[in-house]
């Protein structure tokens, strides 16, 4: 493909919101290690609840896909999320003092609810391209954040409690997931996209990007409230 | 719009299947009045069941629409189907010896099921454009059939028991519905369509057109079976 | 029906959250007329956006309904919302200095998004009973609030700028809508409900109730921010 | 569980239709080896198309599930269907002279369409219990057919070209899938079921059972047409 990818175009269309997401204060404090443990723990618990709805969205993507390849990719993603990612997340959280039972019992934060239901409902009302565009800020954005933090010489390495988190998303395996997601958006765009649809897709992408930024902010706010 | 409408393009893309639908033997026998009453009665009963699912599809169109105008049109269509069309249909059927209670108790023919569930499921899996394309062969095709039969000097008028049916779809009110549906397809195409999507939309239109032809054939077959 | 209605049971199951909704400070200030105009105006604008998604939910209810009566009621509600309620709302808002164009251009508040997408997604994932339970706190709750404020001698009448709003929901027409909604929940419960399902329905009802309280709070917060 | 399983009750509620499905002439001719190769080949090709929509239904089940266990089971089933079953089916069909490219190019028979869209649409309109009940005649019925034929001394073994097919469904692996499906129906019934819902669930089960019988009949009819 000669021109920019659909993902690049979507990102460019909401550059400021994208920056507020990928360079959010929560992310900057992960980079320099100054994020409070309370904020990170709140984030981790809600991310567990998020992952459940995220897996539901990939189940929906199996249903909505129009090719066997897209169906397979979506089914494998749903299975990987439920069988691998959630277990890794649970292991990771245990290291932070959170058990799976604790996390299951958490009330769902309004930021978690707003984001997950927006993505699911957008995918149900629209088609498989709308759904994947709504999923993109999460899937691809975490890869961009991980890669940037890992490459940035200012990211604290030595004593940073968040190094394992950074490395997970900067790692080769996750970066491969990101490349797959970018390529899939381009494939779907080539069969179902059009310039006439771009503004609507850009609105979906921008909205999901804002909800990602709200999700980071939720972590900071929870920690502030806890300090009271 | 300078070029042909989306509807004209879709029809052209499956010209033979379209002819098999709009010029089906069932239709030809309506025109010359030779259709057996048993065939027509079977058709009427299944059409009652069809209308229920058709109204569900317009409810889905309210949910899937992306503008207030499209939502209003879909909600008014659903309400008109449920409050007006179904009652007209019931009155019409009573004249043919079928009560509403009789029709509600009918087993759903496999042709009715295949057609209605195809349209609903296509609309759920795809977007509002996919849904309206799946609905078009019915909404617009009946108008084309009515107008053609009414204009054709070979259509039997004097003694034809099906004249009221022909006039219903040839009438100004229904022809206005048809024009609205053609215009709506063009509006949806202008915001969500693309040449890349055309083959998929044409496949949906062709499938729904075939299922309409099967629905006519069901009427003839039922009458033949009854004669046994 | 001898025992309490499903609605009464659901309300009882989350009594504290229900009180936080129907007796929210926003409601108390409507009653005594002390609510700031800025708060009310913010609420009105978001309520306009809310109504659009609410109408989509009733479209979905047409699709999900299992009887012609339920389909008709849902289609009439969707049509009434789109053709009557939204126009009344627009007229009402004009009196408060808000044009429809202004309201359409508003960014959707996260509280509006969280609530509307929760209801829609719950209805899509579950069945028609889940959907109507998710809709109940809004439909029935507004009627309870209107009736209580209108009957309360402490509600300021003379100079209260919110009297028209109170009378709208206390009025005979809206109270009839409320009775219909309560009866419909009982009908759906009698065909699809069970004690085993009650905890899940109660969780849906509680969640939607909390999101209603958040919607009131949004109005107060917006006014505070505006004062900044 | 003391009483009969939900599956047993559903089967009992449509005993005649169930017999017409599991003891259909197509099945009897598989048992005695007299089924024409043309009939079996037609069936195999349509079964390939069926499997694609069946995998979509399991994607939908991931989305609709209300517990992590149910989500995992559904995601694993979707992945197994797409990654394992479809490849086994393709290998099996190759032995019968059908390439995957041939099968992908087949027009979808109306029986395939009616059945698959009925199941998907039922699952979308209803809840996760409605969906699993619609899936049960296929999942569990094939296991019952396989086990019965394998156990029946009258089933031709020596020269029967269909022995491999019988053994696939009679085998321990598939029988384990069947037990899982029966148990899952009981679990869903215990959380979402009720006697009031039973007639609606039984109607879904009966309809899907009839569509399975139609699917067998399609194979016989196609072979008859080919002989012409």
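Order of writing sets the labels: A, B, C and D. Residues in every chain begin at 1.
Just so it is clear, contacts are C-beta pairs under 8 Å (C-beta built on N, C-alpha and C of every residue); 3 or more make two chains touch, one makes a residue touch a chain.
What you are looking at is a predicted structure, and each value in this text was computed from that prediction instead of being measured.
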Please name the chain that ends up farthest from chain C once chain centres are defined by their CA atoms averaged. D
Of C-D and B-C, the pair with more C-beta contacts is B-C
How many Å are there between the centre of chain C and the centre of chain D, using C-alpha atoms for each centre? 44
List the centre-to-centre spacing of chain B and chain D in whole Å, with centres computed as mean CA coordinates. 32
For the pair chain B and chain C, the C-alpha centroid-to-centroid distance in angstrom is 37
Quick check: what residues of chain A touch more than one other chain, meaning two or more? 56, 63, 120, 124-125
Linking chains that touch, what shape results: line, ring, star, complete or other? complete
Taking the complex as given, what residues does chain C use to touch chain D? 63-64, 66, 124-127, 130, 190-197, 200
List the residues on chain A that touch chain C in their complex, please. 56, 110-111, 113-114, 117-118, 120-121, 124-125, 207, 211, 214
Residues of chain C touching chain B in their complex? 52, 55-63, 65, 68, 71-72, 74-76, 78-79, 82-83, 86, 120
